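Each of the two complexes below includes chain A, the first together with chain B, the second together with chain C.
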Partner chain A sequence: MFAQCADPASLEGLAWLMCYLTSGKHMLFYASFGTVLLLLAITAPIALLFGFGGALASRSRIAPLRWFGKLYTSMVRGVPDIIFFLFVPIALDQGLEWLRHQVLCDTDAPVRQGNDFVVCAAAKLPLSSSPPWVHDVYGFTLAVVAFSVVFGAFAANVLHGAMQAVPRAQLETAEAFGMSPRQVSRRVLIPQMWTYAVPGLSNLWMILIKATPLLFLLGVEDIVYWARELGGTKTSAFTYPHPDWRLYYFLAILVFYLLMTWVSERILGRLTRRLSAGQATMGGEALRKGPA
Partner chain B sequence: MKKLILTAAVLAFGMGMASAQTIRLGTEGAYPPYNFINDSGEVDGFERELGDEMCRRAELDCAWVTTDWDSIIPNLVSGNYDTIMAGMSITPEREQVIAFTQNYLPPVPSAYIGLSEEVELEGGIVAAQTGTIHAGHVAQTGATLLEYATPDETIAAVRNGEADAALADKDFLAPFVAESGGELVWVGEDVVLGEGIGVGLRQSDTELRETLDGVITAMKEDGSLNAMIRKWFGEEAQTYE
Partner chain C sequence: MSCAQTITDYALRSIGIGERLLPRTDFDLCKQITLIGSGLIWNLYFAFFALLVGFFLATALAMAKTSGNPWLRKPADGFVFLFRGSPLFIQFFLAYETLVLLPRAGIEIFGFTVETSWLTKAWAGALIVLILNTTAYSAQIFHGALQSVPKGDIEAADAYGLTGWHKFRRVMWPTMLRLAWPSYTNEAIFLFHATTLVYFSGFPAFQQRGDALYYATYFADRTFNPFVAYPIVATYFIICTLILIGLFGMVNRRLNRHLPGAVTRLKYRPELVR
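Coming up: the complex of A and B.
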C-alpha cells in the first residue's frame, strides 16, 4: 500500500501497525464486511417476496396453492436452519449440474461413480475455466437462495398472521363499497397489515443480521473466516509475524454486529411509529393523543 | 500480462483453447510452510510452488482454491475442485474414498509440543486437528483427544492450558517452538505416521493421476523436487535419494 511498507521487518510501533492493517489480506477482510452487507441487502427483499408469496398462497382459495403455502412454511420452519443451510446449496448445486449433464454431455457415464459425483467438463457449474470471481458469485448466489428460502418461510408466517389481524370491520366496509375480493386485498388488506407485520418482520431482520456468520459454513469467505485466519498466530513465514490475536479480531466483529443491530433498531422504531399513525391500535392511539 | 498470453494463445490455436480444461487445486491455506495464505491474500508455500511447477510441466491451466480442512475431501468428490494438495498424508483409510499420486514428500516425523518436557503423553490431554493422521494416532495412544478445526487452534490450546500437548507434523510446529522464546518445548519422541504426502484425486480421475504421477517422477529424478523441499523445510529436511 505505502512505499515504506516494502520492508515491514524494519518497522516498529505505529508504522508497523499501519502497514499491517493495510496489507492485501486485510483489504480482503474489509471487503468481506461488504459481502455481509450485500447479502443482507439482497436477501431481505427476496425473503420478503418469498414470504409475501407464501402468505398469499396459504390464504388462497385454490386448494393446491394453499397446500403448497402451508407445506412451505411448516416444513422450512420445522427444520433446523443449519441443516437447511448445509442441504440447500449442495442439493441445488448437484441438481443443476445433473440437469446440465443430461443436456450438455454426450456420454452414458453415470453421474455417481463410487464416491465421486462426476459430470462432464461442459456441465460444470461454474465451468472450471471461469475466473475466480465467477465461482465467488456462484457460491454467494447459492447462499442468498438458502437464506431467502429459510427467512421467507418465517416472513410468510408473520405476514399471514398480520393479514388475519386486520380488523374484519375494515374489510367489510370495503366490501360494502362494492369492491371485489381482489380490490379489498389490494386496497385495504395489504396496506393495513403492515402495522401488524412490522414487529414480527423487525425481529426477523435482527435474526437475519445475526445469522450472516453462517455464510462461513457455506464456504463464502466472510468476516468470521478472515478474522480467524488473520487472528491466528503468525510465525516468521509471514511478512507480519504476531502472536494469537483472534481475541481482537472477534472483538471487532462483535462491535460491528452491535452497531448493525443498534442502527436497525432505531430505523425500525421510526418505521413502527410512522405505520401506527391513524391506526386503531394502542400505538396509533398514543400518537393521536400526542405526548402526555 | 496473463491476459495477453492467453489472447495470443487463443489466436495461435484457434478455438482449440475453448476445450482446454482448467485444473482447480484445492488446499487448506492454514498449514505453513506447506500451504498458507500470505499477507497479500494469496495461497503460498511449498505446495503452491510445487503445484504451479507441476502444472507448468504438464502444460495444464491451474487455479488455486481454499477450503476448510473438514470438508476438503467431500468437496473434492463432489467436484468443486480436482486435486487436494494440503499436506495430506496417504493412508489406507483415505484411499478408500479418494485416490493419491505417489508421494511428493517422504513420510516426515510428527512431534508433540507442550509447555514442559515432563508432560504425560499417554494419560494426558492431547490436541490435534480433526480428521488428520495425528488425531487418529492420539486416539490410539490412550490419551484424551481434543480435536480442533484448524492446526493453529491446537497450539493455542496448549498455550492456554486446555491441552497438555499437541501433535502435528514437525515441520509445521518447528517455527512455533523456535519463536516462542522457550514457552513451547518438544515433548517425547518423534513419531512417523502415514506413507508420505501425495496429491489427492477423485478415484475416477485416472488420467490426471497418471499425468501428475509422471511429473512427480520426473521432478524426483532431476532433483528439482529435492531442491524445493530444502528451500521450504531447511537443509536437514528428508529428501528423495
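Coming up: the complex of A and C.
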C-alpha cells in the first residue's frame, strides 16, 4: 500500500502494524464489512415485502392462498433458521440448474444419478467459464434470497399481528362509508397498522443484524471468513508472520456488532416515539400528556 | 442391512455408542432418520442444561439489574448489553478462541493443577456460552416482569411483615414468573433452535459426534440432495418445539392457577422478542 511497506521484515512496532493493517488482504477484510451492510440493506426491504405478501395472504379470502400464507408464517416457528439458511440456497441452486437442464441440455439422462447431481455444462449456474466475480455475486444472491425468505416469514408474523391489532371499529367505520374491502385495506388498515408493527419490526431488525454472521455458513467471504483467514497463525513464510491472532479479530467483530445494535436501538427508539404521536395507544397518550 | 440393525448401530452414535464409522454408501431413509435423531440428543442436552442453569442465573441477574446499588446494577447492565448486543455465532467463535489460549497443561492454583482442556470441548465450552447467552436474554425478560409486579402486591407483603428472602420467594418471584412466562417460553424456543449453531462455530465435533444439523449437513453434502436430510431435521425440531410449548404451557397453567380465567394458551406463533 505505502512505499515504506515494501519490505515488512525490516519494519518494527507501530510502523509494522500500520503496514500490516493496510495490506491487500486487510482491505478485503474491511470491504467485507461492506458486504454485511449490503446484505442488510438489500435483505431488509425484500423481507418486508415478503412479509407483507405473507401477511396479506394469510388474511386472504381465497382458501389455498390463505393456507399458503399460514404455512409460510408458521414455518419459522418450529424450525431453526439455520436449517433454512443451509437448505434454501442449495435447493434454489439445484432447482434453477434442473430447469436449465430441461431447456438447454439435449440429453435424456436423469439429473440425479445415485449420489450425484449431474447437469450438462451449459446448464451449470454460474457457467464454469464465467469470471470469479460472477460466482461471488451468485453466491451472495442466493444468500440474500435465503435471508429474505426466512426474515420475510418473521416479518409476516409481525405484520399479521399488527393488522389484527388495528381497532375493529376503524375498519367498520370505513365499511360504513361504503368502502370496498380493497379500499378498507389500502386506506385504513395498512396506514394504521405501522404503529403496531414498529416494536416487532424493530426487534426483527435486531435479529437480522445478529443473523448476518451466518453468511459465513453460506460460503460467502464475509467478516467471519476473513477473521479466521487473517487471524490464523502465519509462519515466517508469510510477509507478515504472527502467532494466532484470531481472538483479536473476533473481538473487533464483536465491537462492530455491539456498535451496530447500539446505534440501531437509539434510532429505532426515536422512530417509535415519532410513530406513536397522536395514536390512541399508551405510548401516544404518554406523548400527549408530555413529561410528567 | 435391515432398519433394526441400523437403529442398533447408529441410534446412539452421537454419544459414541455403536458403529464407529459414519455410513459412506447407500444413504437410505432409515439411516438418515436414525443418525439425525441420534444427533438430536446433543440439541436436547444443550437446551436442557442451558435453560436449567440459565434460569437461576437470570433470576439473580434480573434482581441485580433492579437493584438500587450501582455496583450491582452497572455490571449487570453491561453483561446483558454484551450478550444481547452481539450475535451468538460470534460469541461461540470468541469463546472458543479464548478457551484454546488457556495453557494445555492446566493452571496451577494453590498447588492444585486445574485441568483446562475439557473447556475447549463442545459439551462444556459451547454449553457455557449458551448458558451465559440465555442468562442475558432471560434476565432482560425477568427484569421487565419485575418492573411490572403490581405495587399493591408489594405493599400487601410489607403489611404482612414479610421481608427480604420471604418477600421475594412468596410474593415477587411467583408474580414475576407468571408475568414473564409467555416471553420466557419464546426465549426457550429460540435457545433450543440456537443449539444447532454449536457445531458450525469453531467447536469441533469430536469423532464426528455432532448434533442433528451436523448429521443432516453430512448427508446433504454426501448425497447432493438437500430435499431429504433437511426436512427430516426440520420435522424433528417441529416435534420438539411442540413438546416444549406443551411443557411450558403446563407450567404456565400452574403459575396462573390462582387466577381464574387468566390462563391464556401459549400459542404456536412467534413473539419476536429476542
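By our rule, the second predicted complex is superposed on the first by the 288 of 292 C-alpha atoms of A that agree within 3 Å, B and C clash if a C-alpha of one lies under 4 Å from a C-alpha of the other, contacts with A are read in each partner's own complex, and residues count from 1 in each chain.
As a working rule, a contact is a pair of C-beta atoms (placed from the backbone, for glycine too) under 8 Å apart; a residue touches a chain by one contact, two chains touch by 3 or more.
Quick caveat, the model's predicted, so the values are computed rather than measured.
Participant: Name the contact category of A:28: first (chain B only), second (chain C only), both, or neither.
Facilitator: Touch partner of A:28: chain B, not chain C.
Participant: Under the stated touch criterion, which partner chain does A:117 make contact with: chain B (first), chain C (second), both, or neither?
Facilitator: A:117 contacts both chain B and chain C.
Participant: Which of the two partners, first being chain B and second being chain C, lies in contact with A:236: first, second, both, or neither?
Facilitator: So A:236 only meets chain B here.
Participant: Does chain B (first) or chain C (second) touch A:212, or do both, or does neither?
Facilitator: Only chain C is touched by A:212; chain B is not.
Participant: Applying the touch criterion given at the start, work out whether A:64 contacts chain B, chain C, both or neither, answering first, second, both or neither.
Facilitator: Neither partner.
Participant: Residues of chain A touched by chain B versus by chain C: which partner has the larger set?
Facilitator: Counted on chain A, the partner with more touching residues turns out to be C.
Participant: Tell me which partner A:90 touches in the superposition: chain B (first), chain C (second), both or neither.
Facilitator: After superposing on A, A:90 lies in contact with both chain B and chain C.
Participant: Using the touch definition from the top, say if A:129 reaches chain B (first), chain C (second), both or neither.
Facilitator: Touch partner of A:129: chain B, not chain C.
Participant: Do any residues of chain A touch both chain B and chain C, and if so, which are they?
Facilitator: 90, 94, 115-117, 244, 246
Participant: Where on chain C is chain A touching in the complex?
Facilitator: Chain C reaches chain A through residues 27, 81-82, 84-91, 93-94, 97-98, 101, 189, 193-194, 196-197, 200, 213, 216-217, 220, 222-227, 230, 233-234, 237-238, 241-242, 268-270, 272-274.
Participant: Which of the residues in chain B end up touching chain A in this complex?
Facilitator: On the chain B side, the touching residues are 19-24, 29-30, 32-33, 36-42, 45, 61, 63, 65, 67-68, 71, 75, 77-79, 82, 97-98, 150, 152-153, 155-156, 159, 175-176, 179, 202-205.
Participant: Inside the complex, what are the residues of chain A that reach chain C?
Facilitator: 74, 76-83, 86-87, 90-91, 94, 112, 115-117, 154, 157-158, 200, 203-204, 206-207, 209-214, 216-217, 224, 227, 231, 244, 246-247, 250-251, 253-254, 257-258, 261-262
Participant: Okay, in this complex, where on chain A does chain B touch?
Facilitator: Residues 23-25, 27-28, 90, 93-94, 97, 113-119, 121, 124, 127-129, 132, 135, 219, 228-229, 232-233, 235-241, 244, 246 of chain A touch chain B in their complex.
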